[in-house]
Structure formats: structure tokens, C-alpha cells
């Protein structure tokens, strides 16, 4: 695998963390969408929600999802570059999340995120985000 | 925002981690205080404890708090530089903490730390530390 | 302490994260062993399991342990270089882990890992791995 320079590694890790921050801010749809490429795939198959396609689709998804969320905390760790090709890369990270719904529900999650990213004009963007459970949901 | 060089970014992240390590060591008041600037503000408003001011005030606070603590684990993640001005910076991180008291109590915490830091003689120092809850305490 | 260059710091953090990934993959004995030096010590004293010695001993240990594991999630955080001497180093990290056994048991762990590492031909290798609890196991 081609070596990932430190600046890119940290830039991609920043993007993964920014995704968690945006989701945990709750309500800032533009903030979430700004992290994804125009034709990004947001793969929620693991959650039984299929693949959400494109920045517009992601905006629509969060327009529906944010109003159901009361509090989120997505702690990201174990970040690793999986492959690097200069202007594209794949990375992996763990998430340890708690989500509280406006209906009083609470979901705890231990999972792995898979990020495909591409260098955009202003920095790295997510082109695909997938997830698999580390601990099966209760 | 001015670009934060890698060495400073890692130095500031080291400082945030050192704060967690110091608090989790329990009892080492000097170790905690060495991470704060002389006139630092340790803002515990979120915990209903107001603002603790100055290294001496922080020492007094921990002289009272450490004897009530049996075990702490403050896991830091999602570190991000928020602003950088060369000799000062602001950073943000998540904390996923468990604190067990000598009275048998246990508190779980999912929160965001806000660090204001300044370059000191021997490295970065905390000039202000604040916190907000991500998940409201139970 | 001698300054640890950024590339080495990140390389050693990568190794610590790779250890978690290998253990969480469950079943890939070669993947775990490839992270340890030939004469590594895997110190499980804290878990009441003594010291496992050598890559062969570690392989035998995981040959016995993996079949008892159903799901693992070892979230690593608070990584810190403790000492650095160019071709060897010591590092510390927190782990927030959940392990589910094939027998339906679940163990939650908040602990500190201590890694001694050495530069090998293809990168850093673990020469000793020890652990201490941050929160006593329930």
C-alpha cells in the first residue's frame, strides 16, 4: 500500500470526527451534507435502512432523522488508513455511540465505520460510508 | 483559520490526554496543576460547581475532590483543533468517563471538553477548560 | 525524554490499534502474532492468567481463547508515548472494551494498556504488553 502522508492521514481522521460532530450536533443538515461528496453513498444497510444516495438523499434522510433524535454521542476511536492512492483513500474507525430519541428510547452502539474518501477542492470528502456491528445490537 | 502544524496539534492533544491521565491517577494534585496556566479558569458550571480560578484554586479544588474519588476512567476521543493562532489555540474533544466514589457511587459521563491553551515555556498549558454534556446525566 | 518523531508516534499508535483490531476480528491467530516480536511477553497477570511468552505461546493462548469469544470491541484512546529511544519505545493507552463469550457471558473493561515496542524489519512490533484496570471489574 502507498504510504499515506501525515497531513492526509490527519485530514481524513478530521473528516471522520467531523461526521460524528455533525451528527451529534443534531439539526444541522447542511453541516452533515458538507462532509459528503455530491454522489456519495451513505450505506445504512446494517441498520436495515438501505443505501442513501447523493448529497440530496442524505439531506432528505437527516431531515427525517434529526427530529427523532434528542441526544447523540458518537465517540470515534481506532482510526486506521486501510488504503491510500493520493486523491482517494479508505479508512476504518470504531464508534462507541449512545443515541437518545425524542420518544425516550436509547440505543447503544459498538460498531466499525468504513469511510471511502476523496480529495475535494477544500479538503477530503466522504464518497461512501458504511458500518458493521462489533457487538450485535441488544 | 490559520493552519495548525502537526507538532502543535499533537502537542495540544497530548495535553488534553495528560489532563485525563492526571485526573484518573487520583491524588496527584501537582500533576494536575502542572497542566494549567497560573491564571487558568477551570469551568465546572455544567456540574453546578461554578468557575474555579487559578492554579491555586484548582489545587484547592482537587485537594477536596480527590479524597472522594475511588476510581476514574476518562476516555478522550474526537479531538479537534477549533482555532489556532500560533501561541494560543482552542480545541474540543469528547469524553466518555466513569467515576466511582469512595462512597460507592458511580457516575457515567458523555460530554464535550473545550480547551483553551497557550504555549508556555515547556509546552502547551490549559488556560481554560469547560465542558458540556452530550448525553444528559441520568 | 528523547523526542519521538511524528512518524514513529503514529506508527506505534497504529500498532496498538492493530492489536485491538486483531483481537476483535476473532480467529485470526496469525494476524495477532504478526504484531508481536518473537520473544514478546504478553502479560495477563491482571486477568489472573500469568505471563504468556513468545509468539508461539501467544499463538497457543489465542488458539484456546478465540473459540470462547463471540464478539469483541476494544476501543483504544488516550494514546501516549511514555519513553522513546529511537528503536525502542514505551507507550500507554486506555481501552474501553466489551467482550461477549460464546457462553453468553459479557465482560466490560476499562483499563490501561502498557506497550513496550521495538522497531522490526517491517515496522514496530510489541515486545511486551501489560494491562492494569482503571475501573475494577464488576
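The first chain written gets the first letter, and so on, giving A, B and C; residue counts start at 1 in each chain.
Everything that follows uses one rule, which is that a contact is a pair of C-beta atoms (placed from the backbone, for glycine too) under 8 Å apart; a residue touches a chain by one contact, two chains touch by 3 or more.
No experiment lies behind these values; they were computed from the predicted model shown.
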| Between chain B and chain A, is it the same set of residue numbers doing the touching on each side, over half shared, or a different set? | different
| request: Could you say what rotation angle superposes chain B on its sequence twin chain C, using C-alpha positions and rounding to the nearest 5°? | output: 120
| remark: Distance between the CA centroids of chain A and chain B (whole Å) is 27
| message | If I count partner chains per residue in chain B, which residues reach a count of at least 2? | response | 6, 75, 77, 96
| said: Taking the touch rule as given, give the residues of chain B at its contact with chain C in the complex, in rising order. | reply: 6-7, 10, 14, 17-18, 20-21, 24, 71-77, 96, 98, 100
| message | Help me check something: in the complex, which residues belonging to chain B touch chain A? | response | 6, 9, 75, 77-80, 92, 94, 96, 110, 134-136
